[in-house]
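Below is one structure. I have some questions about it.
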Amino acid sequence: MFMRNKSRISALIVVITIGLVLSMTGCSGGNTPSSEKVLTIGVVGPESGGSAQLGQGQHNAIQLAVDEINEQKLAGEWKLVAVFEDDEGNPTKSSSATNKLIQESKANIIIAAINSSATLADMVVTERAGIPQITPGSTGASITEQGNEWIFRTAANDSFQADALVKHAKEELGITKIATFTSADDYGQSGANLLKAAAEKYGLELVANPTYNNGDKDFKPQLMSIKDGGAEGVFLWGLYTEAALISNQVQQLGLDVQLFGASGMAAQKLIELGGDAAQGLILTQTFLPDADIPEVQEFVQKYTEKYDMDPIPHGAQAYDTVYIIANAVKNTDSSNPEELRDALRNTEGLNLVTGSPKFDEKGNDIGKRLLITEIRGDKFELIKAIEAK
Amino acid sequence: MTHGLNILSINGISISFGGLKALSDVNVHVMKNTVHGIIGPNGAGKSTLFNVITGLTKPDSGDIFLEGTKLPHIKPHQLVPLGISRTFQNIRLFKEMTVLDNVLIGQHVHTPTPIISILLNGRKSNEYEKISREKAIEALEFMGIEDKMNDIVKNLAYGQQRLVEFARALAAQPKIILLDEPAAGMNPTEKVNLLSIIGKLRDKGYTLILIEHDMKLVMNICDNISVLDHGKIIAQGQPEVVRKNPDFISAYLGKGENLNARNKRN
Amino acid sequence: MIRYILNGLPIGAIYALVALSYSFIYAASGVLNWSQGDMVMLGAYIGFTVYQILNLGFVPAFFISMLAVAIVGIGIQRFILRPLRKSNAPAINVTIATLGASIIIRNLALMIWGPDAQLFPFPVSNKPISMGSLSITPQDILIVLIGILLMIIFQYFLKKSKEGKALRAVAQDRYAAVLMGIDTEQSDRSAFGLSAAIGAVAGILIAPIFFVTFNMGAGIGLKGFVSAVVGGLGSVPGSIAGGFFIGIVESVAGGKISSGYRDAITYTLLILVLWLRPTGLFLKKRKQKV
Amino acid sequence: MNKNKKIYLLIILVLLLTLPLFVSNLYYLHIINLVGIYTLVTIGLNILSGYTGQTSMGQAGFFAVGTYVTSLMMMNFDLPFFLALLIGVILTSIFGLIISIPAMKLSGPYLVLATVGFGEIVRLVLLNWTPVTKGAAGLTGIPFPEIFGLQIKTEKQFYYFIIIFVILGIYIAGRIAKSKIGRTFSAIREDDLAAEAMGVNVAGYKTAAFVISAMFAGLAGGLFGTFSGVTSPDSFTFDDSISFLCMSVIGGNKTIIGAVVGAFVLTVLSEALRVFQGTRLIIYGFILIFTVIYMPNGLVGIIENLKSKILMKKENKSME
């Protein structure tokens, strides 16, 4: 009896497996053309795994933007459809997901991804397929250095940030000795290089440059070595969880340093988790929920209404990305990838949440507004807004 | 002492574990083409002695000579090429494999492993495989279990598993076979069968050394017996001689109750 | 140097607890539960929910969390280990099944509590007390103290209680324990439940300094396992020593050698220890029985 | 029987070679290509873990070495693909040789953890040795392979390219498994002490198993790099090692064909589950658990069980 039961269950599993495989084949119909002009946006991001908070924030914001645009017919006659795929932050899975979006969902344009390594893997796929790709989240320097004409980046411009931060440290705070403390991923490594270059440019002394791995919990050993170096300012380049832990541990060690950070860690959670210790942390960002800018206020209001939580900067960037796409498709009135790409390259005259987007020849958005902010109380206070030239 | 050609000499082996003497100055001489029994109560050092012979344990002092040449301290796997193979007290077969595959492992050292030929499915590898199979089947036939050839070992009865292990040791084409309690767990019919197999092997020119608790079996089959107690040899010689040895009687038969208890448990 | 050693202690205490939970399951049931790290995560989240959201106070949070996670642990024993034992599946299947459980628990936590890190402060001060160049926070001291206290209670339980004695008997020789009439099913259950509860404590202790995230279990779980093996898998004092040892090694390696290679140094050390002393640094060598 | 087998093999071969004609969807072809690469890794793992009984949870480490060495040889020294691949495979085997030294003395959880450690060390070195490995961003612009002037570029071309290696790999592994070597591996898995007593050089064979599995992973890695075009440490995490192990066990690790089944089913499954969005990993976890509980010998084991059941039924009928 038991045996029979067992084999029945295993038979069931086999059937389910086969069913799943078949269902994958069954889905291949895709979107049948109708009288309506539909532009399919494929979105790849880490909705599970270590950077899930960024992937899910991106997902929410994109859905919000797509709904708004369709409702208000902001893309001309075009209806936008967003299809989301999870890549778990894994490059191989990411490129499979991108493949799926292009082949199965017939995506006309791809928004991918958050993790730089995943974005780089996706770029191989979009380039081979000849489909434009926009990354709203990956800041790794190498992404736009590939000579790939299909990639655009609406993430914050890191060299701009590094420059502004170091300049602020020198000119406003009179700091002369600095240390960098960056994550050992692509984002942190390119941040460290940019900070180093900026420090040389402004004549500051770099006394230590340790790194950490994402997911690390104990930063005291590195902080002790920074303390020994006598740094007055410590520049962090990473995500908010680690930044909050670091600021906590800076306080615990009794280190008397000014902390700086970049947009990657700009989230309300940083203030919440960092508590006392995060007070006074200066960071640059592209998006501040409290900023007295009409576009920002409108976005924050809509977002919190729909999702009952604050948007993250990655979300704001992704939200803008959809508007940039809508603008491009409206202008060319075509879903032809090459025409879309050229339309994207000629983006101008938009006033969006994070600035007035404009792409350089490498695909970087050089129209982003940069806000220098400081954590005071339970929010980021704007010190200075730098509009792009 | 008995006459004949000395095949294995154990000279002055001593070994201690953490201050405890497991064997002290043990001398055993095994004659060619005989069945040599090593007996003794539990913890007398029989298994240790086996482990020393098979290279699993390194003695503190003493030497072993095989056909007059001193055995260097070797790794266990180098023993088979020298002509010594063994069975284990608590059957150590390759349980998930077929009977034939088990016995083929016994053949392992006797055919080369021609890698290129294996990869190309060449003639050489097939030929070696054929020779090995023949030898293995021969050993199985000797044990009378060739009909079980393709069975998975774990599905066999205990007594048959013993025979498979025996066949595997035989397939290694040894001069000496070490048997570690070969009759343990066998029923009387199987024991009779075992006795006849041991006898046949001796007739074919093999030398057998066995550790055994079944006194009747030992006395019946062995040509010579060494009695171990507390790591020392207390009596040695032909069964009828040993039987009359006062040390043997007091040390061994005096503990007859224990002995029986143990036999039952097995 | 002393600073780095001192700094390694609180993390060492956490590692020691997790190592203990690995060791304990391994000793009592002969298998490894790869979802042990996720017990740490669950403990932290449940504690967080009771303390921060339901506002029931810190001490109740502590105990409710231990209980709830113990139930999860027992569930794993009941629905994963038991059927596997029944079908006589190879050890590797237990590994895969508990890894599957880990994937499920982690992603359920992601669904329930969301992807954001949560704050779970201790009701004690986080301000450092300085002594010269050395500084330590009351929070750290509390972590080490609670950790050590728990380990002592645990050791006492194993040595003195009837349950504990039965568990030790099974750990010594599962087969003999069966012959003696000990219910190994019951001891499996106790081992999984207790280990999960220990993991929960580790989770609550680590939460205030490390925050609570759905994937915090992966790293802590693996390091706890490493600690257990370096110290001596299956031994209570060995695991505890291993935990503190790895905590200190990480702190020193991260500060004095290279932060990027810190974990690589830990793992190299692990492999060296396994190579030279397979039974762990702090355990006597055992002889294999033939 | 033998003739039947040959006919089956021929049919399968023809099907494999004409597959791209039926599958026009490049996404499917992409997944199938990945299956091919993972199959090679899993074959190696089956020889190591299934046959020899040495569980490795660090296979991603070997896979990574193969990927990086092959790619770097092509990028930095302009070597042709096959030469680069050869160097990649050789270097990976050397890593297999090195790790087998401590591994030889270990078993059970100790061996598992040592291999985990190895995998993590490789990943961390790739992450931190920036001048060579380009750190977290990894390598970009890995060149395509070229045979006789023909560049392998499209998914379809890669399909044929990869399938040749896979068929070759299955053949070689099958020969090893069926031969004396495979038998000896199995004996070591079942009881290494008894094998040693029968004259088997257990240490040597264990090392050989490690080297063979490293070779397969290295070969797969070399293909993976040029196939992906980019590579980074994120592709070689502990989770990836686990997923290789799952492929091996779920497919059935005591046969070579089990590796193919495992790599195929798990890769396709994790893609197919995308339908379920947020709950897909939870479902994946449940499937893993159910499979190992109710199919202790993997999917291949189930097929074999069914086969013997059908045979028994037939026999029963003929008896009546």
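Residue numbering begins at 1 within each chain, and the chains themselves are lettered A, B, C and D in the order written.
What we mean here is this: a residue touches a chain if its C-beta (ideal position, glycine included) is under 8 Å from a C-beta of that chain, and two chains touch if they have at least 3 such contacts.
Keep in mind that this is a model prediction, so the values were computed, not measured.
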If I average the C-alpha coordinates per chain and also across every protein chain shown, which chain's average lies closest to the global one? D
Most remote chain relative to chain A, going by C-alpha centroids? B
Report the inter-centroid distance (CA atoms only) between chain A and chain D in whole Å. 34
In whole angstrom, how far does the Cα centroid of chain A sit from the Cα centroid of chain B? 71
From the mean C-alpha coordinate of chain B to that of chain D, what's the distance rounded to whole Å? 41
Here the gap between chain B and chain C, centre to centre from mean Cα coordinates and rounded to Å, is 47
What residues in chain A touch two or more of the other chains? 6, 48, 184, 211, 213
Which residue numbers or ranges of chain D touch two or more of the other chains? 124, 127-128, 193, 278, 281, 287, 294
In chain C, which residues are in touch with two or more of the other chains? 87, 107, 218, 260, 263, 290
In the complex, chain D touches chain C at residues 49, 55, 101-102, 105-106, 108-110, 112-114, 116-118, 120-121, 124-125, 127-128, 193, 238, 242, 245-246, 249-250, 253, 278-279, 281-282, 284-289, 292-294, 296
Enumerate the contact residues on chain A facing chain C in the complex. 6, 48-50, 52-53, 55-56, 184, 210-213, 215-218, 220-222, 224-225, 240-241, 244-245, 248, 251-254, 269, 272-273, 275-277
As the complex stands, chain C meets chain A at residues 3-4, 7, 11, 87, 107, 110, 114-117, 119, 121, 126-128, 130, 135, 137, 140, 206, 209-211, 213-215, 218-220, 250-256, 259-260, 262-263
Given the complex, residues on chain D that touch chain B span 172, 175-176, 179-181, 183-184, 186-187, 190-191, 193-202, 254
Chain D contact footprint on chain B (complex, rising order): 54, 75-81, 85-86, 88, 92-97, 101-102, 104-106, 108-109, 111, 113, 115, 118-121, 125, 128-129, 132, 168-169, 172
